[in-house]
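Letters A, B and C mark the chains in the order given here, with residues in each chain numbered from 1 onward.
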Amino acid sequence: MVQALQYFFSGVTVGSVYAIVAIGFNIIYSATGVLNFAQGEFVMLGGMVAITLASFLPVPVAVAVAVAIVTLFGCGLELVFFRRLRSHSVLHMIIITIGLSIVIQELALHVWDEKVRSLPYFTGNEASSVKLVGAALSPQVIWVLGTAGVVVVLLQLFYKRTLYGRAMRACSSNPEAAMLVGINTGNMRTAAFGLSAGLGALAGCVISPISMTHYEMGPGLAIKGFAAGILGGLGNPMAAVAGGLIVGLIEAFSVSVIPSAFKDVAAFAILLAMLFLRPHGLFGRPSGVSVREV
Amino acid sequence: MALLEAENVRQCFGGLVALNGVSFAVSPGQIKAIIGPNGAGKTTLFNIVCGLIKPTDGVVRMNGEVITGLKPFQIAALGVSRTFQNVSLFPHMTVLENVLVGRHLHGRAGLISCALRLPTQRREEKAMIEQASRLLEEVGLAEKAQHSAGGLSLGQRRLVELARALATEPRLLLLDEPASGLNTKETDDLARTLRHVRDRGITLLMVEHDMSLVMDIADEILVLDFGVKIAEGPPAQVRSDPKVIAVYLGEKENVASG
Amino acid sequence: MNTTTRIWPRLAAFAAAAIVIQLSLSAAGKVYYLTQLTMAVYYAIVVMGLSLLMGYAGQVSLGQGAFFAIGGYTSAFLTTHNMAGYRGAVWFDLLDKCGVIVSRKNLYDDTLVLTVAPWLAFIMAILLTVVIAAVIGYPSLRLRGHYLAMATLGFGLIIHCILIGSPALGAADGITGVPGLSVGGLAVSGKSAVRVQNYYIAWAVAIAVLVLLRNLVESRMGRALRAIHDSEAAASAMGVNTPKLKLEVFMVSAALAAMAGSLLTHYNEGIGPSESSAFKSVRYLALVAAGGMANLEGALVVSTLLVFLSLRGWFGTYDNAVFGIILIAIVALAPQGPFRQLGLWMNRYRSLYKPGKEARGGAS
């Protein structure tokens, strides 16, 4: 029973990261139609930059600055690569984001190195633990869950209550109409990239003490985040959270049935299963996202 | 027996009802036109007949056989071909290659015999090229055969699309706004070409806005409005139908035909 | 339409180039370059297959590395796994009677190692890969653009996970000690005595693949593929069985990857799980783009060159970055492929610097 609880919290923790990555996918996809293969790199960069800054800044400040830097980086990506290439085909978009993913990884390898690093625990250290519902948890887990929860709530408020958020939603459902009412769709797309990057960076910082930060961590996270997004149904941020948690839990519990070396297979298998069987996700509407060909 | 029959075809896109129980029939050898204001559901009807969409409800039959639910290439094999409202040529291929795709159904060579260029495949290819070239000559575009399809004028692209559709040797040819964007002379040429096509035994069903063309060549007209059939019959009859006049000109106006 | 008459001069040029390169390298004493060229040519075969799938049919696949690995690992496993323990089993004796079991001496303890004959392993490697491609391809090819890419990537990652995590397949070290593949008098193996022979074998296979694919692309099936790429709806309306054709081409490109994988495994006397990594699959993508998406000869030449340079270590630690940059550069600067883009630039240059022709009303 205790074992099951450990799996549960482990699953929910890593699932929260997947959820934030899925939300990040969602934001960019709905605002720009681009499926950003480099999404995982934002998470990696957030952690890496924060770790470097934490060597001379207090951790909270380092995290804040890292998030800001990566946000600007995300905006920069959109301005440089996607602004002028909007009319290009889906194939080209895929290729650009894949290329960006590789190049960012390699840059990270050269700026930092291949060593695995981590941020210090926000509270306590690796030995401290908190008792929650009978399971012993690292306090960092609380940080992760808390951050994910706050992000989701703030996003909902942003989308529903602020003018900017509503403008972004307008952009994604009908770009032409949005332009007609005066919304600057170009800036919206840049903002979407920036927001998505910032959220990813925040997730990268908060998960760093637990899962470590490493220059190659991006693609795996991106795939699992995408699996989470597809599971929930692209187009719905709340569903992305549910998707993330489900993927995380399945992955965590899978080690009890398959060798841990194959742990990653669980998430990838979910991805394939969803794409093949129910591409609009558990909570999406079939007509919402056109995933299939004619 | 009717060549094509549609029975109570209904199409909903989410909350929007594009077609609401439309039934009609097309007799072999006739030229039938579907007219109606924009948004009346005409192209949707075409997409259903040729298999690109599966209707929410209703049945479409070709020569008595149900074709609803079949894939477009299966329906094409039954003798239905079409042109598109936004000319859907293959821009990265030459004009001749475009028409050759129309001959695809009449070839047998598979991946292996194509890769090995077996004698049967070579013979088949030669025959296909001859037939496609002949069709291009008929529509007057023989000298453009090796040009890239993307670089032609609209009228020329329409003709290539027609040649491509004819290359499939259809029994029923669906034409989606064939006169759109053409000037008067080109429209006259089109009317002549279409009559010629009909005289070869091909039944034509077309969506059109150009009334002069419709009145000129159509044997029967079907009028749609908001997804509902409001009239069907020979041009003279439809032209004087008060419901049709109301739809096109508004209730208050009462215009003498002409 | 009969462009096959144009291909013979180009094939002759390829053959001549291959011969000239070999002779000059041998004369210069740099025969080890031949080894790397041979490897590069085998990788180029994978790229040609992907060019057919992506450039002509327009379907993105990030799973070619996985198919390469399945082919290579199947050959490696079947030709190194000792089946001596199965002697006496009905199926084993049956296979033995068919002459498909071969034996060799274990170098260390003089025991007899019984394995499947390499030629049969080769056939089985390709068959297995094609079957897997059919199973994965059938549901995947119904998906659009991004989602197809993700599905093939996911598939590739699953294979990678399985390969790297299975002790029976050598886990992270892969399989080594793979014997050569002999057919007739020819042997695909890494022994230095047959280095030159292997160089020519690789080229022969690559050129054969080039000719076959070229024939395919110029034929009715090739037109159908290109039609699918331009407008799947119109192609279907004209009678092209789009789902079946996409699946067949997917299987063909998988088969080519598996064949290359198997041959290269015999040449390298081993294979490792890195062949199935996402990096490798992305690399194939970059190479297709660099050769000009729908350009088989471009794929062969550019891919051989770039992979050769990569194997020689020219890109140093920036190896992966180079391919990432190629991907971005091609899409940003030369979306039609570098050769066509060069052509476009040259036309623009000509019309800029020869204004006289324009002024005289001549066509540019």
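Descriptive notes on the structure:
In the analysis below, a residue touches a chain if its C-beta (ideal position, glycine included) is under 8 Å from a C-beta of that chain, and two chains touch if they have at least 3 such contacts.
Since the model is a prediction, treat every value here as computed from it, not as a measurement.
Distances between chain centres, each the mean of the C-alpha atoms, put B farthest from chain A. When each chain is reduced to the mean of its CA atoms, the one lying nearest the mean of all protein CA atoms is C. Centre-to-centre, using mean CA coordinates, chain A is 33 Å away from chain C.
Put simply, the C-alpha centre of chain A and that of chain B have 47 angstrom between them. Distance from the chain B centre to the chain C centre is 42 Å, each centre being the mean of its Cα atoms.
Multi-chain contact residues of chain B (touching two or more other chains): 52, 72. For chain C, residues touching at least two other chains, in rising order: 233, 236, 242. Chain contacts: chain A has residues 294 touching two or more partner chains.
Within the complex formed with chain C, the chain B residues making contact are 50-52, 71-73, 76-77, 81-82, 84, 88-93, 96-97, 100-105, 107, 109-111, 114-117, 121, 124-125, 128-129, 164-165, 168. The touching residues of chain C, counted against chain B in their complex, run 1, 4, 212-213, 215-216, 219-224, 226-227, 229-231, 233-243, 248-249, 252, 294. In the complex of the two chains, the chain C residues touching chain A come out as 54, 58, 60, 62, 139-147, 149-151, 153-155, 157-158, 161-162, 164-166, 232-233, 236, 242, 278-279, 282, 285-286, 289, 317-318, 320-321, 323-328, 330-332, 335.
Only residues 35, 81, 85, 88, 90-96, 98-103, 105-107, 109-110, 219-220, 223, 226-227, 230, 259, 261-262, 264-265, 268-269, 271-272, 275-276, 279, 290-294 of chain A touch chain C when the two sit together in their complex.
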